[in-house]
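A, B, C and D label the chains in the order they appear, each numbered from 1.
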């Protein structure tokens, strides 16, 4: 992919954030004015364990170029154990996506606490950059959704 | 009667594909199905049965009907264009051709299915006689002669040469278009081949299956027979039989939300599925036995009753080979045969 | 087989069981079907041979709802599925009388056909009692032979073993048929470049006709209503209109059975398009083994499954990118 | 179709400086379902809220989207405002266009575009929202304390003082627990019994406290505010009302050779016994396994000597069923078994003892009447070696990975007391680290070293070898001087790791309270909810949650009491309506959801269902909304999608995904 098209390319990125840590971490990034690209849109979920693999595939189907899930650090889950289940689910799902040839940089999990506004912003910057380097998602999209 | 050497078939395909789409048996990941021809396609004319029947050349597994576009609060509708380009289906077997006739009765009678009709109009069928019929074949039961298929063009593959015989105007036109690749041939070899094939057909285990009692109007005894209750039991309610069948014509209409509007499309449905003909009030067949019975009653009774005795089964034997539970229409026919007095 | 029939008759006669779930001889040499037998007389059609590949555990979901006990014939690998179904409360152990039947590897008619054998009239060597290493096949086009091994289902080459994990009694000997590494194919794919992986699966999945045979035959896919048939996720699909839908269906199906799939291989056996569906399930099994410790679903009927369990030290999802 | 109103906040210039608010209003108005859209300077102000309320009434809104700051800031504000206007509060959603948009983006066009998309996602969600009603459940104003040690006693006293009925269930014949076995307590060196006994008496005398000793919890059902518990009162064989506690039965009992548990088996007790002199209740029990009357049918001495006629050989276990609003677990600890630590020769020599045994030896009521002597020959030891971290901080599976926390301090205490009372006895302590965080702890330890001359050696002991002359050879290392040490000792004391009471696993299962790999009960949040179990209505007191000393235990006991009181003070509990809900027609009854539920909120019922004409009885999941906290783990575990989360349903989240990606 040429540099020119990369400049044009504005990725669609969905971020699932748990209500208790990561969403609050994103809020802190906001109140600390720590910027990250507008390509990232956050969906609030009660816990990372609420994130169904079907949501992630759905995002890709509808044209997302990257999906990131953020939750409380292992051990700090508001519901004690939610992120442990989420961690296993996502590990397996990501491994499967990698296995069928979807670029593994398109999916990511990051544990972000309510105090980690800096980490949230950094993570999003990194992730967007990664998606830029990968370009448009073409392996997991439904062509009918192209505008 | 013409012929072309097998090694020149690639040239023939190139020639046809130059100005039409060409569908023929192609191997992809070890399985042969009818696919659009391309330069590097692995064409498998010696495959007796493609996994799926070639019916989707005329009645694709899914096809768009129209598209709704949504802009702000306005909705505009774009109808789907009908088939406009000519195409050739190459290598269809006699049973599958009969399958298309079964579909014709449904889709070309009033109200005409315009999508299907357009495809039929633009499609030319090049039939290929069966060379080595197999034990699961029972086309003979339905009066089909796999040695002498009837289509726009009939062909036979004999000792490395494809014999070519146009039978219709469309067939003549195609023949003319590829004339430079064809040589004249006499029919003696073809007659010989036909006789050989027919001799094999006689030996097939299912060739003498009796359809007595099927295709008749007074079917309530059969409908109410306790035999169904036993027969359906292994059925897993999958759609394999339906989706490999050359005659199944049921479809479902669905909407897909593209984010900018809706695509309304239809796709094959299976009477074996629990949501088949599901309506607001529920389902009129809510047990697998009923769904199973519907499948075979339709193929062997309702369809022939409504279509001058033409059965909605062509004996291709795909369901015999593919059913995960080894159920099939032959077992159904035989079960009633064994019932004797039951009619 | 006679011993099995005799025992079934006894158990029917003394009222221990109300019916027998086994296989009925088909009308071709290779197509016996799963069947219920309720009388001693009906057992004349009972058959148990190399073509009886179907995993009858799945049928026990329905049979558990019937009055009385069902005698069910389970091969060693089928018993894993049965255990898993007990764990998920989908079958009733009390409603089953399990006869663990011996197995010397099950046959795949597609593999025989792939060798160019057609017009099959009879097959000898497929009986369970046969010690033959070779199948002799009478066809319209002459007599053919085929090594038993070459006609075996893929799953039998990576057999989990001769041991029945749950049973009331055992009849018949089993044979060790394992001659391949269970994860070799998965590893081969893992070693490919992303482009090659994608091309491989795209080509395989493009054949999928969404007949749902893989799902419906699967003892782990025992949902009353599949998400792909319901509006719960706005995910109902009947056809793969776009190539995305093929992937969605097969990834989610494999995910839903991850940690529950016993690798019984029924999905690959029944796929009319010969898609090696086990490659999805086995990938998850391999990952689970590597990440969370060896786990065999159906080994028992009580242990916690890997996706309903965790440890504090589990690997992070980034392992996928890190291992390259 | 919903009738949605969209309200876009300027937040002064916080939003409006980077987001074209008017543009957001204009584009949001075109989204499906939107019938009203407006903007305002400060939506959260009275006037702003009034605008929302007005629009709800005038435009008959069924849903509201507020594009403003984070929902963590004002979701509650806007939901309450909507509720006052007659709209179900759960029909309000927030699009966070401040923290997640205006504050982090600089380009107006870009920020506006994103704000529109965020609004769109919220609108798409509201289109699928449904009114939710919080449920109510009643609270039984009575607490159960499991365990009658200092933790349980303190929690019981605090709850009872607040005016609520409390039952203590104690497994042994007396309350008092581990603390009653201790001699002195660090760092003040006051006598354990002197400070514990008054608490025990106070608990026994408290009109709101009812003590079940020699009793165990048998079964627990119900949920927060409404637990039903079966308590098994084991047959004591002594009538508690008649017994005067005179002790004659114990004097006369002929079975005298039974290892005395209270003294860690260092001496013997009788078959009819009270564990210790200050036991509460002061009523003996007959140990039926060792009683001649029960073993052989002969004897009956106690019955003959009992003036009060309190002996009842035919007593049966009794099950008491009681309802509780809150349950506090205070099951305490034991020390680990030392069978995996053979190198310390614990099983080979009577003079190798645990610290808890030393407590009994030092205690005036103990087996040696408080004299420090070797158990092998009764001689006073001149060389004493303490070995720290026996089974604690252990990296293999012989011991425990955690620090037992109390050992450093009690060893300093023991060392100091011995040096004080027996100045001619040398005391050596082998340690890995000395950990003394706590008020006056380090001072205390330094006193032991500096003032009392206790010899601390940093290093581990490899072996203790009993010598033919009856002494012990301690083989250790000195890490500071980097040398091997061979030391003759007369007595070796092992600071043995503590572990949760082994019964706790059974109890945790009954309570569906989670437990960690070391069998400590898990707190609801490691930092913010340290005395609550993740299971609502279950509280944690004392060492059952993790190693603690006495003051920490008492502090936590009080904290647990406050939490329990907070619960009991309510007449009704309002339950979070964003709970999981199972569609029983889709449920497979597979239990996968229940297996991941941290709250034990999912149970299974056999229900008669009508599934499109098929009538059958099915095992289906039922969510107890009083217990469900709405995490959603079950919804993903459920393969068929039968389990969904209200307020964050599958289709709502998918609608948001779609809106963002389109």
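We take it that a contact is a pair of C-beta atoms (placed from the backbone, for glycine too) under 8 Å apart; a residue touches a chain by one contact, two chains touch by 3 or more.
Just so we're clear, the structure is a prediction, and the values are computed from it rather than from any experiment.
When every chain is reduced to the mean of its CA atoms, the largest separation from subunit A belongs to B. Chain pair with the larger contact count among A-C and B-D is A-C, by C-beta pairs in contact. Centroid to centroid, with C-alpha atoms defining each point, subunit A and subunit C lie 36 Å apart. One finds 67 Å separating the Cα centroids of subunit B and subunit D.
Taking each chain's centre as the average of its CA atoms, subunit A and subunit B sit 46 Å apart.
Annotation for subunit B: residues touching 2 or more other chains are 256-257, 259-260. Within subunit A, the positions touching two or more other chains are listed as 52-54, 58, 62-63, 75, 81, 85, 89, 144-145, 147. The multi-chain contact residues of subunit C, meaning those touching 2 or more other chains, are 225, 227, 233-234, 241, 307-308, 312. Taken as a graph of touching chains, this assembly is complete, with every chain in contact with every other.
Against subunit D, the residues of subunit C that register as touching in their complex are 65, 87-90, 222-227, 230-234, 256-257, 304-305, 307-308, 312.
Across the complex, subunit B meets subunit C through its residues 28-31, 33, 48, 51-52, 61-62, 132-136, 200, 203-205, 233-234, 236-240, 242-244, 252, 254, 256-257, 265, 267-270, 273-275, 320-322, 324-328, 330-331, 334. Those residues of subunit A whose C-beta lies close enough to touch subunit D in the complex are 12, 14, 19, 23-24, 26-27, 29-31, 33-36, 38, 41-47, 49-55, 58-59, 62-64, 75-76, 78-82, 85, 89, 121, 145, 147. Across the complex, subunit B is touched by residues 62-63, 144-145, 147 of subunit A. In the complex of the two chains, the subunit D residues touching subunit A come out as 70-73, 96, 98-101, 103-107, 110-111, 113-114, 117-118, 121, 514, 522, 524-527, 534, 578, 596, 598, 629-633, 635-637, 645, 648, 650, 653-654, 656-658, 660-662.
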